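Below, chain A partners chain B and then partners chain C, in two separate complexes.
And now, the complex of A and B:
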């Protein structure tokens, strides 16, 4: 197992790394295409805006390295928060631009409705899941930590692993073959968050 | 349903935790690392760490110290104090902060906040506002850890910081800080309906009922507390059991 965390200048990498360390897994923080092509598990974390994120990936040609790794080998990828959103085909935060296109869908901004629910969606909320292997041993409805104003709107329902009730119901985690995305922060969601990271390494 | 958060606040000066009354009469309450470890074991919802001397000493945040603290923190970690540039924020996020909390720089450099929101996203930028009652302005905002009056009323300032794009606002009543007599209900009930982003109430919490009141009567998203966790036997976990019994949705680990 060769686990890497991609550093593309978009924030908090170290909580993922210390989360994995707590599981006894050593990780390599990297922004090298070569490391990506040698990895068995790629974690794409990140906070920030979609357009900045994708620009940073493209500038260092990491977008191509990630796509190539996913296409050519038996590698697994987990996108966290902005990292999940970047898996989409399109985003609208900052300016409209294309994402990695690894899971069909686009990223939209939450819209205020009559519920009085505030934006950003910030705090602990339920994750109701369909028993995807990523969720093994995690009770459906467990609270995870969220911190976002945009959400991934997948084209196909079959890609939805979990939904979360906020300003309607949105897809809080997604999956297509060996690519997963979670909108919440497993590395900040204590016990079951670490369980989810462990599941990812075991899928 | 989104849960209301209880957030212990840690005030840091030279690696020592402090707590005062009305932003004054500071007492040492221990060192930061053991406190973070304990809160982490107790599964708190989030932690806020404010370096109260960084801006006053005109220095940057102590990234090394924050990195050490963050490595023990598996819950969301908001860090504030001395933040003046995009580079400061980058470095804090690299040190393990999830959000940054900015106070004095917003007054002196609002453009910096717009830039920070564009770069990091609004969910990452928390505005911290310290207020004191004032006959002419109602509530006046203070910067530099409560030492500098700004002449700006809270009502104008929350509208402004929301316009700048911050994702959350931490509001601390200097008058109630450290008194443990309850939050300033007049303050919080008069502002929360005018704001669309989450509000964290701070200043004055002394018992669990104060949390319930702030959430039910003032409609705040989260409650912060320091003295009651430092100086009494009350804990965030017991607070949540109390709140749950009183109909407030909180996160209790199964």
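And now, the complex of A and C:
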């Protein structure tokens, strides 16, 4: 197993790395295309805006390296927060631009509705899942830690692994073949957060 | 059920906190690891670094010290002077500065150092306080951004590359190990742990009518400027064993003032004395995550063997999450007045940020509260 965390200047690397370390897994923080092509598990973390994130990936040609790795071999990828959003075909934050296009859908800003639920969505909230292998051993409805103002709107329902009841119901995690994305922060989410990271390494 | 660390009183509802198989949290294991550290070696490391900056100085000052006037920053100034440095002290004025806070800033000015105080536009700041409270539940959001960005901006402006921060808060408040082993504060650290809660400076003009020009002091400097000067931020707590209590004793020896009684919601009289909004900030922490300042302070004392977990728990039950009807003696309505928010609006905002799952409910589904208006937690300890 060769686990890498992609460093593309968008932060939130420390928590992920230390979460994996708690599981006894050593990770390589990298921004090299070569490391990506040699990895068995790729984690794409990140905080910040969609347009800046995708620009950074493109400037260092990591977008191509990631797409090639996913297409050509048996590698698994987990996008966390902004990392999940970047898997989409299109984003609207900052300016409208294309994402990695690894899972069909687009990223939209939450819109205020009558519920009075606040934006950004911040804090612990329920993740109701469909028993995808990523969620093995995690009770449906368990709380995870969220912090975001945009959400992934998948084109196909079949890609939805979990939903969270907030400002309607949004897809809080998604999956297509060996690519997963979670809007919440497993690395900040106590016991079941680590369980999810462990599941990802075991899929 | 809330699960608590078996050694201290941190709950598992605190983001980034992990309990190990023995039920002990990462703040406690970090603290135990401190015993393995050779502090003499660390101090020598610090001296070597300081010497480097002294000899290559391109400005009159050897380093920047961000100072609030509190016990820790007073200690930082004393320590740097002891080590032969000539610091430039930078104060980012708090959101609602108290009289004792002002007097402690003036005290630092009397220690024999040059000082700069930056006070961003107060009309804009009131708008930012309101946005912070209603959007992310942090009334002092602009302060929490400015205390990091302003000293770094001054470092760039005056060409002083070294910034001496205090303790890495990730150490004792529980945080990822990789972040606690680092001794450097950079943009990446700030984005991950600086407490900006997902509200970005660039979001602000969209939320309310605020000109980008009015937000200059809340913006992190451009990387190109930082690289040009070679700005490096060090955590002093990495090189010197940190203890808030002993810092307070040393600071008092040098003119730092405390108050007569313990601070509302806290268990001590020597910290968080400089911003009247702090009581609201701590109350929101309790509503969001089920713990307050008393838990922070007493957990540090438990780790240092100064109080038993059992005794500390009794104090936490009394002080954590107390409704902030006053702070440092100022009434809640007076504190909220500049934000144009009244008490009933405030209570509605509180409700929106409350994690309803960790508090007891009445039969009608409303939150069960004590006489002071504090919601009661579903459990205060492991069963």
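In this text, the second predicted complex is superposed on the first by the 203 of 203 C-alpha atoms of A that agree within 3 Å, B and C clash if a C-alpha of one lies under 4 Å from a C-alpha of the other, contacts with A are read in each partner's own complex, and residues count from 1 in each chain.
By definition in this document, contacts are C-beta pairs under 8 Å (C-beta built on N, C-alpha and C of every residue); 3 or more make two chains touch, one makes a residue touch a chain.
Because the structure is a prediction, the values reported are computed rather than measured.
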Exercise. Answer with clash or fit: chain B and chain C placed together on chain A by superposition.
Key: clash
Self-check item: Which superposed partner A:82 touches (first chain B, second chain C, both, neither)
Solution: first
Quiz item: When the two structures are overlaid on chain A, which partner does A:163 contact: first (chain B), second (chain C), both, or neither?
Solution: neither
Quiz item: A:93 contacts which: chain B (first), chain C (second), both, neither?
Solution: first
Exercise. Using the touch definition from the top, say if A:14 reaches chain B (first), chain C (second), both or neither.
Key: both
Practice problem: Could you say whether A:139 touches chain B, chain C, both of them, or neither, answering first, second, both or neither? | Solution: first
Quiz item: Of chain B and chain C, which one touches more residues of chain A?
Solution: B
Quiz item: What is the contact status of A:112 with respect to chain B (first) and chain C (second): first, second, both, or neither?
Solution: first
Quiz prompt | Footprint overlap on chain A, comparing chain B with chain C | solution = 11-15, 18-19, 22, 47-49, 117-120, 122-124, 143, 145, 147-149, 185, 187-188, 190-191, 194
Practice problem: Could you pull out which chain A residues touch chain C in their complex? | Solution: 11-15, 17-19, 21-22, 47-49, 116-120, 122-124, 143, 145, 147-149, 185, 187-191, 194
Self-check item: chain A partner contacts - residues on chain C that touch it in the complex
Solution: 12-13, 15-20, 134-137, 175-179, 182, 188-189, 191-193, 197-200, 202-203, 288, 352-353, 355, 357
Quiz item: Residues of chain B touching chain A in their complex?
Solution: 1-5, 43, 45-46, 67, 70-71, 73-77, 90, 93-99, 118-124, 167-168, 196-198, 221-222, 251, 253-254
Exercise. Report the residues of chain A in contact with chain B in the complex, numbered from low to high.
Key: 9, 11-15, 18-19, 22, 47-49, 52, 82, 93-94, 112, 117-126, 139, 142-143, 145, 147-149, 165-166, 185, 187-188, 190-191, 193-194
